[in-house]
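In this document, chain identifiers A, B, C and D correspond to the written order of the chains, with residue numbering beginning at 1 in each.
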Amino acid sequence: MVTSLHRRGPHLDPRELAGRFARVRGFTEALARPLSPEDCGLQSMPDASPTKWHLAHTTWFFEALVLGPGGEPPFDPAFGYLFNSYYEAIGPRHARPRRGMLSRPSFAEVLAYRADVDRRVISLLDRLADGRDDEIRSLVDLGLHHEQQHQELILTDIKHALGENPLHPAYRAAPRRPEPLPQPAPGRAELAWIDHPGGLCSIGHAGPGFAFDNEEPRHRVHLTPFRLADRLVTSGEVMEFIADRGYERPELWLSDGWAAARADGWGAPLYWEIGGGAPRIFSLDGLRPIDPCEPACHLSYYEADAIARWAGARLPTEAEWEVVAASAPLRGNFVESGLLHPRPAPPREGAPRQLFGDVWEWTASAYLPYPGYRAWEGAVGEYNGKFMSGQMVLRGGSCATPETHARATYRNFFPPGARWQFSGLRLARDA
Amino acid sequence: MVTSLHRRGPHLDPRELAGRFARVRGFTEALARPLSPEDCGLQSMPDASPTKWHLAHTTWFFEALVLGPGGEPPFDPAFGYLFNSYYEAIGPRHARPRRGMLSRPSFAEVLAYRADVDRRVISLLDRLADGRDDEIRSLVDLGLHHEQQHQELILTDIKHALGENPLHPAYRAAPRRPEPLPQPAPGRAELAWIDHPGGLCSIGHAGPGFAFDNEEPRHRVHLTPFRLADRLVTSGEVMEFIADRGYERPELWLSDGWAAARADGWGAPLYWEIGGGAPRIFSLDGLRPIDPCEPACHLSYYEADAIARWAGARLPTEAEWEVVAASAPLRGNFVESGLLHPRPAPPREGAPRQLFGDVWEWTASAYLPYPGYRAWEGAVGEYNGKFMSGQMVLRGGSCATPETHARATYRNFFPPGARWQFSGLRLARDA
Amino acid sequence: MVTSLHRRGPHLDPRELAGRFARVRGFTEALARPLSPEDCGLQSMPDASPTKWHLAHTTWFFEALVLGPGGEPPFDPAFGYLFNSYYEAIGPRHARPRRGMLSRPSFAEVLAYRADVDRRVISLLDRLADGRDDEIRSLVDLGLHHEQQHQELILTDIKHALGENPLHPAYRAAPRRPEPLPQPAPGRAELAWIDHPGGLCSIGHAGPGFAFDNEEPRHRVHLTPFRLADRLVTSGEVMEFIADRGYERPELWLSDGWAAARADGWGAPLYWEIGGGAPRIFSLDGLRPIDPCEPACHLSYYEADAIARWAGARLPTEAEWEVVAASAPLRGNFVESGLLHPRPAPPREGAPRQLFGDVWEWTASAYLPYPGYRAWEGAVGEYNGKFMSGQMVLRGGSCATPETHARATYRNFFPPGARWQFSGLRLARDA
Amino acid sequence: MVTSLHRRGPHLDPRELAGRFARVRGFTEALARPLSPEDCGLQSMPDASPTKWHLAHTTWFFEALVLGPGGEPPFDPAFGYLFNSYYEAIGPRHARPRRGMLSRPSFAEVLAYRADVDRRVISLLDRLADGRDDEIRSLVDLGLHHEQQHQELILTDIKHALGENPLHPAYRAAPRRPEPLPQPAPGRAELAWIDHPGGLCSIGHAGPGFAFDNEEPRHRVHLTPFRLADRLVTSGEVMEFIADRGYERPELWLSDGWAAARADGWGAPLYWEIGGGAPRIFSLDGLRPIDPCEPACHLSYYEADAIARWAGARLPTEAEWEVVAASAPLRGNFVESGLLHPRPAPPREGAPRQLFGDVWEWTASAYLPYPGYRAWEGAVGEYNGKFMSGQMVLRGGSCATPETHARATYRNFFPPGARWQFSGLRLARDA
């Protein structure tokens, strides 16, 4: 995911904002705490970034967009070049695939950079306490939502880097004891269908809370009647797909997906070890047995699409997902649970399960602008829509997403071949 | 474009069908007539195929799907391997990027293959004259629509191959005299906006005529009020875009488009020669001056999107395009005009101009299934939707499209970086 | 092989030269005669060129170097760009990997080009009959040796192109009847060792006949006593190497060779078909059974080196080969035999067998300048040594080499991974 | 460079060996001391390895070859997989280009690994004190020579990694003050030629000291009379080459070199910054001005060859170099000087200067086996000759080579495009 930016609505309370600033910034550092400086420098592929880079880039964001316009000199003039991600308007930048080559500045220097910028932002917020400057508070708010996006990427990127190590090392030194495999509970694995009558509906964000620009404007869509599964597709179902030779049958796959699967030798989801013995999955706590009841995860869009086709179903569109999720309570297995792994669905309860948290759900919708979409003015808005090609929308958040970052209108997006996110699927059908 | 297939409605008159079969098949060979066997073997990139391969593949389609199920032995058992394109159910096939390596069978042998299959299909249609077998007639009908798709590809692929030759050779030995550059006519270059109120509309195919499956089912969409330009973007406007440094300003481009433009060194549309002297474009009649009034052509989606943004507008969605085109007469500069090049718009006349023919118009819509889309049974339908990822929809047909192949519901599709088709754009705006 | 150029010795008789010119030029066209224009356009890899290109390039050589300096206008000014190979001093040139894209000029036009240049060169030679201009005669002589190099490449390149066709087509329409498999003759397969005492020896060319510059100057080398096999390694021996898992044992291979074999999936020499049934090899007459007594062919240096190591031997250096070959009669299975395939060794006769013809023999010597090597002046000599890195020397000529082109001092060279030449090996050992 | 191994001669004194073991092993760690764990994990290209990997691999060598055969269990069973370099006989290994992905084991763990193996080797040597086991002492001796090779690679690899950092960080925190630019001293820049009469000479190692197998056997070669420059080519001379457009003139270059220079955009030696202002070079102490009198460094073979040709000279063969160096005293600017950078030649003194140390000197000789070369038995010898293709020989040692590792017969080797070693050139000419 690349981040897009958005101006919030009016009236951010400065005190509340300063408190949130401290909490969000602190949580980022807490995520890095189990890692050594050596770990924090790893970049395992061009799409991923080192933890250290995430720590610095999110800090640079505040420095460049919040402090810079006020004329404050930067902590280090070279950092703009090193830690800009893709803001062409702000200047040139270090090549993305070489972010792992930056042993200097050191991890300790980056922490010092964070502390310095934190101090200066808090000081700025204090000075604004009279409510004089909405723009600055909006930018700080935006920077915090931006930082939350990178919190999730810190986890998915370090998982990818550690996952390549033949030692299968755990992310945290004293891993949380894995939850006991759940006993087969009545109704847990059963799948029910939620019917929706379709018709003229509205999706997208409107109202006072924060949203990224790609969630706006709220607009009407016409839906054909459809059904949505009341839970996520499970690892057990993917095992059946594998046993049914799903990875070897071209008729189940999109043409591009089949090519990707052949080229990269896919025979199971990323991080699965199914060579011999009980199937295991690499998690942030190291290798663990695959629970057939847990949601399937680390699937590309291509796999999700093929699995849905194999199951006689399809992926939902983002509009179908949102109209169902709009009325559901926003709770689930987010990063705050500390599990860092999706967990089996709760027993059926007559309502859709697992809509939020656990795994991002691939939708059948390409990431495109909503009707009436408008880009912002200035550097913040320069690239709001620049990623609107070649990517698919995911919805709902994952076990690595901060709970306060999730909402029903949130549009995440990744290229269809991406597998290193906590990404899975939910089935849909025409009614 | 890869072809997708569809069964037509009922009641194809066998006599009419046989006549059409002869005309369509003959036209394909007429397209190859200006070319030498050497020309017909060229494959200039993996996405393009040699003329000879197109001639053979369209023939194989009839042999494999129409004659084969009746138990007729093939003309040559090896041809199935050589001339299958992507039908996995029918068997393995020769690697696409190596189609240009097949000097054997010779061009003459492929013509003999065509004659043999033509004779056998006609004979089969004669025997079916009692109306006994709808399925076979449907497949023949389908084969003819499939062949028309390849007629356009024959022209775009040989243009690409000849366009690489430093001699800039013309496709046809005695080129048609280029039309004189049009005099500035009142209203010709003016652009008017067609307003549409939006609301609940219907798009997609329904009814008796032929359509590919991706045009179905007809369904409702809700549109926000919008405006559509009454003509295509012109080469003159693209010259202004270039003069305004449009190819050098990242803020105008999608991120993927900017990367493609950098990687491949784009500074003008494909086939433009603007180094020195008057700008020229390589056409099927060789190099010719660029008429500023003619529609811009050979643009990728990325360029079309950037040009629209530069113009303060956007691309229309496919639904917006279709609801306007649905009521327009189906006429324009198609392959039958013999020009093989887009021509300037006629003077304004209070109605949208150039909706059909001239150039395919990139839309802002990803190529995805319509709600309720269903794939066919059997080999014909095995892959109907397999290309529904990573591509964008184009509408309207071009100067290389057979007129009888165009319609308002037709969905063409190509990856966003493709430039070798006759592809351009029309501007749209929110109302 | 890329051609290098050389100054002739003194006193070329103009009449003799004109006769030879006609014969060599005619033989090139005879080699193309079994091929269609479609065949002649094929380029199957960047290292190979289309037959048509060879026909034109050898002609361009005479036009640019013999006729051009006299002020004669070229047949077509564009041909210099299209048919220059690598002479930077003479001007820019068409990209090598795209030579197969040139359907124009046509095959017929290239033949007309040849006829025109032939006429003009003969006319020039007539005018020179008084012996006035040694330089021109030297250049014509050089052009003929250059053309003979391309005669061999015509055969190896078209073999590669046809070898890729799933139909396994033969190069010539009415193939010569393959020779009957030889009866096991006494002594045929036996291998004897020729002992050489080593010491101070001389290699390299000196004296009146033609030689390329890389064969000069003749110079002294000191050799350790060694033994040379009296025949080539046979296909039967390579079958044993395969059966002994030679392609799977890294300890037999150079590191680069092992990497190449893994990357390209080598499990047998190029053109071998050993999947099921009796092993066959693709030849210029199509697929034929592999005679275990025939010399192994189409081996890379890496394979030759591994096979020698497996056999408890090594490859000879070029000096070892030359000091033995210097006293052997220059006869063997050259292109004039019409076989276009290596043939089994004759029975032992107390002298080294197969030193000339059949297959080029990889040596253990890198292609480097001899001590005292001097490059020529001018365009002809600009690049004499420019290929002296990254290649290995081969000796002796092959079944595709013109007999008058072979000699004991001749140094052929190819990169160690090249397999599409008629290349094999002879074993050597320390005494 | 990949290391090749060799058994030393008899009679290594155990006490002396143990002392040397401690010194060499300690020096390796001293080289890593200025670096942070983050620095030690960097791998900037597949040909380079992280410092940490070098520390572990050299340790694994002792563990696998010295301790392992005695039945001692390994420190960690996984380390064999991680830290084997290319010994196929000993087992599979981690992919070379991914060595930079191993944040675990940590730098601290690798130091603990070193300490453990050191303790066990010393203990083993103590137990051998009665002289019982020559083989083990030979292997320890070999391991120390192997480790010295990696000492040089630690410096060249970290220089490459730091050199990519836009901050141009120095390797050592408190950099040694750069020596003052030398005053033009009489005779310093002058170049004299050393004449050699050629004839029958001997090269290669023989006698009691240690040598790698590729230096043996000593053998005779016949040399043509030649001249050797009495000093290295300087940076000032390379500046003249650049000013004379040497990087833009194809006639100066080998064909492969020209292609490499174009593909990678070479316009100066690696690490040179000549954009604006005084030319600077990145050194292990960061950027410093280029002294025109210092030896040119970080040149590929291709550049060395082109510079020699431009200078009207050539590179010496390795035999020419060795016969001159054999009688010179083994002294020079080695790693022990602490400069880590080549220094200008001393004033002329009637003898060849700079033969040892400063920069490795590219020779015109391909890296091939000497006549009579024999590979060892067992794992140590499995691959002794496996790198004898595609590489060129360098002679003399550099400012990063341990002095005790250099000798006149030493053959270093790298592919002709390699630039990240301390590599330069000395001119030669035919007499």
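Everything that follows uses one rule, which is that a contact is a pair of C-beta atoms (placed from the backbone, for glycine too) under 8 Å apart; a residue touches a chain by one contact, two chains touch by 3 or more.
Keep in mind the model is a prediction, meaning the values are calculated, not measured.
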How big is the gap, in whole Å, between where the Cα atoms of chain B centre and where those of chain D centre? 60
At what distance in angstrom does the C-alpha mean of chain D lie from that of chain C? 38
With chain centres taken as the means of their Cα atoms, state the distance from chain A to chain D in Å. 47
Pull out every residue in chain C that's touching 2 or more other chains. none
Looking at which chains touch, is this a line, ring, star, complete or other? ring
Name the touching chain pairs, please: which are they? A-B, A-D, B-C, C-D
Chain A partner contacts - residues on chain B that touch it in the complex: 2, 86, 88-89, 200, 219-224, 250-251, 253-258, 301-302, 305, 364-366, 368-369, 371-372, 382-383, 385-390, 392, 416, 430
Using the touch definition from the top, list the residues of chain A that touch chain D in their complex. 36-42, 44, 78, 81-82, 94, 98, 100-107, 161-162, 164-167, 169
